[in-house]
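After this come two complexes, each holding chain A, first together with chain B and then together with chain C.
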Partner chain A sequence: MIKIFIDEKAIEVEKSTTILKAAEQAGIDIPHLCYHPAFPPEGTCRMCLVEIEGLPSLELACSTQVKDGMKVSTKSERVIEARKGVLEFLLAEHPPDCPICDKAGECSLQDYYEEYGQFENQFNEFKEKREKKVKIGKNLIRDMERCILCRRCVRFLKEVTKTQELGVFERGIHSEINILDGVLVDNNYSGNLAEICPVGAMTDSDFRFKTRTWFLKKGESICPLCSRGCSIFIEYHEGFSRFTLPKRVYRIRSRENHKVNGFWICDIGRYGYSYIDENRIDKIIVNNKEGGETITWEKMVILLAEKIKRLYYIKKTSRIALILNTWLSNEELFLINKIFRNDLSVENIYFTDPPEGEEDDLLLTSERSPNKRGAREIGLDLKPINLETLADKTDLLLIFGSFMFDQFNLAEIKSALDNIKMKIIFATHSNEMNSLVDIVLPMSLIAEKEGSLTNVDGIVQRFSPVLMAQGECQPEWKVLVNLAKELEINFRYYSQFSSPEAILDEMGKKISFFEKKSE
Partner chain B sequence: MSPEFSDRTKKRIDKIVARYPRKEAAILPVLHLTQQEFGHISDEEEKLVAELLGIKPIEVREVVTFYTMLNQRPVGKYHIQICSNLSCSLLGAESLIDYLKEKLGIELGETTEDKKFTLSTVECLGACEQAPCMMINFDYYGHLDKKKIDEILDNLK
Partner chain C sequence: MEEKLLTQHFGIENLFKIDVYLKHSGYQAVKKALKEMKPSEIMDEVKAANLRGRGGAGFPAGVKWGFVPQDIDKPKYLCVNADEGEPGTFKDRYIMSHNPHLLLEGIIIASFAVGIHKGFVYIRGEYETIALRFEQAISEANKEGFLGKNILGTGFDLNVFVHRGAGSYICGEETALLESIEGKRGNPRLKPPFPASVGLFGCPTVINNVETLSNVPQIILNGAKWFCQKGLPKDGGTRIFGVSGMVKNPGIYELPMGTNLKDIIFKHAGGMKDGKKLKAVIPGGMSAPILTADEIDIKMDFDSLMDAKSMLGSAAIIVIDEDTSILDVLKVITKFYSHESCGQCTPCRVGNSWINKIVKRIAGGKGKKEDIDNIIRLASNMLGKTLCPLGDAAAMPILSITQKFRKEIESYIGN
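What follows is the complex of A and B.
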């Protein structure tokens, strides 16, 4: 550790670090465009110039290593003047089209101009006309006028995906980021390019012109689409007072987490968000001969508890079966295990999950559900469904999720379910399966509830609700706690679970794997 | 048919590549040899070089498009590169460029139909003392005027 001074503030830093990183640690922001913490410094944008005492010229903060006793100034007159000069040259060719630019509001160049630029235009020349709208990737649109040639995209494809679809061709004013012979950027991580572009040169056609960035709110969440459990931001629009919007979620972005996903997320997680808003159910549906009746959650839980209690008192809980999935959180799986396996001695517990997919060597895993590891650590056996035994041995069936539908066709499911007296589904989306059961209970998604998931490497990650639950939707853990209390088998024990956090604490005491794992 | 290096060029390339700690560092001299052998470097040759140096064709394209002296298309027997930079322009290079275009009947970057001449401009040949000047293949011609250009081209039969 050595001591340096940035803006007269003494900072202790590692010997080999750079000025920019040292400043970051001290909470001092040095403007930069080409530097990205995932890559070695490039030094092309010149935005991070700082003054070092004793040196005649300004130096690049991103690539200059600190020295013991170094005195750096990031706010001196010379530095501010240099930033203005750098911006002037960057903007010599960059069009002032922020009003129609998708990046506006989250554009580094725009922000820096607001802070340090604001100069009179000194150029007599017209700006060069370049291609404004060229598709260069699956979801990527390139605008060469806006590009400042920071090469972040080129470096990402070289160093992270190693696919190298992009290069810088020609030179000087004619330099352009381009693909080779029309081969589009088409890898599972291409969405990251629009995210790391510091300006609006690379925009995402999935998000382009759908809304403006300043209308979006963002919340921290975990991607549930594979067992990696990447950290994400869910960016959503709350709508306007005069009219509502057809959807809430407009995009998913990556959230830095070096234990799990680093800086990136894959395109499956990034673009697969439509399920959050499309085709959801938000009401309890009771399918009976008269064609539907309304019932409150309180009555529903009492009704369900009575059904279970009746079987319990005649010692026939073996006639209860459960179909689970690993989209359920650790807490929910723990509760189910506790209530049904331990308290009620239910044996017929099956699992259905989305079918496995291809994995890649970066983040994506073959397991397309977020909590398989959690279910195993809790001690649940991930037994696949056997429709015949299910149909023969069951009087009361509780189905969590609709993933059965991926595995069997509707006729198969119907013929099995027809033999079962009472069928209840805990569903998030409406589909044909819901008409085969007696009661459909609307459930919250991971984006709307609280809990924790155990990823493929055994990292337990907690998540909080980003979006409000819709209509009558409830999280499974809440329904399960209410049900357990209503069963009155162990009322006091379940009364302590007022939140998933309390359940996780209890899990830590009971299961050594979950001890101190929660974060 | 995809191009291949002659044995002689291959040997020269091996010698050059051996000089560098990393193969791809030899890209510029290798590209010069490639141009010598094939006259130009199109995507076929780019792929050949990329394979030889263990890099992706896109990286070769980046270098080839950066340097104007590497030709992406076939050039004529005589490649005329006339300077359009400051010193030459002050001494009338622009009218000489127009004269050459008219005389050869081609635009900049084009080749005459008989594949004899290719005309392009170049940013400074480093011979301002002879301005206006041009380079045909690897020979310099300075203190140009229209009459002198006529003479030079007539001698290049």
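What follows is the complex of A and C.
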């Protein structure tokens, strides 16, 4: 560790760090555009110039390494003037179209102009003609009028995906970011380009003109679409239910997490969010009663508990079967294991999950559900369904999710379920499965509930609700705790589980894998 | 009459052929260096000779060689900068077309001193015949055993290759040149690291100008002291001045370092063409700040010109007479840099184009009062703030012209 001074503030930093990183640690903001922590410094935007005592010219904060005793000024008159100068160059031919730019509100150039610019426009010349709207990728629209040539996009495709679809063409003022003839940016990480673009030059056609960034709230969550469990932000319209607007969620963005996903997420996770708002159910549905009788959750849990208790007292819990999936959280799988396998000695526990997909060497795994590892660590056997055995041996079937459709067709499922007396589904979405069962229970999604997931590498990650649960939707863990209490087999034990956190604590005591993780 | 070191044999028929060159004491320096001297002795001699880089920056060549780490298991490379792109400069082409083996000798000695076994000569794209002639010289030297394996039985190996540029000014900037040899777009690199430690293909690299290396054989044959006597103590040897513009006899003149600019124009180059009056001189290639007619009584060496807030650069002297509009000069300069900016960094990319647009507007009769101050402000915002020296190279002449000839430019702007 060495000691340096930034704006007269003494700070201790690592020897090999740069001025920009050191300043960041000290809470001092040095404006930068081309620098991105994922890449080596580029040094081309010239926004981060700072004054170093004893050196004649201004130096780059992004690439200059600190030296013991170095005295850096980030706010001297020379620095402020230089920043203004660079901003004036960047904005000379930049279109004043913030009002229709998707980046407005989260644009670095806009922010820096507010903070360090504020000059009168003195550019009285003809602007270069540039392409305004060109589709250059699956979901990417490029606007060369807005581009500041930071080359983050070029470097991302060179260094991260190694696909190199983009390059700089022409030179000088005519420089432009472009693709080779007709070869679009079409890789599973292309959405990151719109995210790392510091201005509105690269916009995402999925988000384009849909809303304004300042209407969006963002919440931290975990992507459930593969077992990597990338950290994400869910960005949504707050205060609107999905009934008053077509959707709540407007985009998914990556959240920096160096243990899991670094700076990036894949396009499957980024664009696959429509399930959160589309086709959801939010009421308990009882199918066999005519006229659609309404029933409260309280009554529902009592009814279910009665069914189970009857089988328990006549020692026929072997006639209970469960179909689980690994979208369930660690806590939920633990509760199910505890209640049904340990307390009730249920043996017929099956799993259905989305079919495996292709993996890549970056983030995407072949497991397209978030918690297979968690289920295994809890001790559950990820046994596939045998429809015949299921039909023969079951009186009470509890189904979690609708993934049976990925394995069987409707007729197969129907003929099997017809043999079973009582079928209850814990569902998030409305689909044909729901008409085959007796009772449909509306469930919350990961984005709407609390819990933890164990990713492919065994990292246990907790998540909190970002979105409000809709209608009568409840998280599975809550229903399970209430059910367990109602069963009265071990009332006091289940009474302690007032939150997923309490369950995870208990898991840490019982399962060594979760021991340290629950701290 | 001044003694010529580099151009002394110019004019001898077929000097570019090795048999003719050998008849005029050719390759004596290589023999002496490789057989009688240790690499460290060569390096010390060149350091003591104060041989300063002839490409423009004037950095001492021996010191530059010394920056190359010796205890490293990577290969080391020599790159000869023969891109000669600075407007007004036409000295290296003469050396390479008249006396290519002199440069080859310099390459061999420098490589031996630094421990280099591979050299690249980056010749600008337009110099086609020169590139062919130089390739011929390389194959002759290979045949005679001055290149290739086990040179002169000393065990030293060296191969030299010609790499031709594709026509971009910026590729004369040393790191852009490296990128270009690597087969990439010629964009300057961020420094540090400097090429001496991380250069061509990520390996330690020495980059020297043609004229710089061509001076090395003389230093080896005659010693550092002799070399300094031919020029100045801190700035040894001669300089090939390329005089162009409105003089009677434009051309190259090899003269001692520190020769007076006035003498070069009026004695050596025969004075002004058609008896016109001198208006201004650009003393060191287009990037050098302009000197007015009153300022030309000056010694032409790196330090004297720096004191006069100009620079010796590539020693290309561009003479401007009274009939030449300074606005035209500014138009040519700003158009050139605007065209040649690689576009990587903001101030150079936008600044040069912006200033060029203002100058063109003034020339088109639509100038405004505030334009000159704007040009000065924009050029100042480029100066010292760009990634490579091109931004400075553009800002310096623009600033000096607008400041020194402000009245004349104002006369082009109506009320």
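To be clear about the criterion, the second predicted complex is superposed on the first by the 510 of 519 C-alpha atoms of A that agree within 3 Å, B and C clash if a C-alpha of one lies under 4 Å from a C-alpha of the other, contacts with A are read in each partner's own complex, and residues count from 1 in each chain.
Note that contacts are C-beta pairs under 8 Å (C-beta built on N, C-alpha and C of every residue); 3 or more make two chains touch, one makes a residue touch a chain.
Not measured: the values here are computed from a predicted model.
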Fit-or-clash call for chain B and chain C when the two complexes are aligned on chain A: clash
With the two complexes superposed on chain A, say which partner A:Leu311 touches: chain B (first), chain C (second), both, or neither. neither
Which partner does A:Gln164 reach: the first (chain B), the second (chain C), both, or neither? first
So, A:Leu180: does it touch chain B (first), chain C (second), both, or neither? first
For A:Met144, decide between first (touching chain B), second (touching chain C), both and neither. neither
Touching partner for A:Ala82 - first (chain B), second (chain C), both, neither: second
Figure out whether A:Leu58 sits in contact with chain B (first) or chain C (second), or with both, or with neither. second
Which chain, chain B or chain C, is in touch with more residues of chain A? C
Enumerate the residues of chain A that count as touching chain B in its complex and touching chain C in the other. 168, 170-171
Which residues of chain B touch chain A in their complex? 43, 56-59, 61-62, 65-66
Partner chain A, residues of chain C touching it in the complex: 168, 185, 190, 338-347, 349-354, 357-358, 361, 368, 370, 374, 380-381, 384-387
Could you list, by residue number, the parts of chain A that touch chain C in their complex? 41-47, 49, 57-58, 60, 63, 82, 85-86, 88-90, 92-93, 122-126, 128, 148-149, 168, 170-175
Name, in rising order, each residue of chain A that touches chain B in their complex. 164-171, 180-181
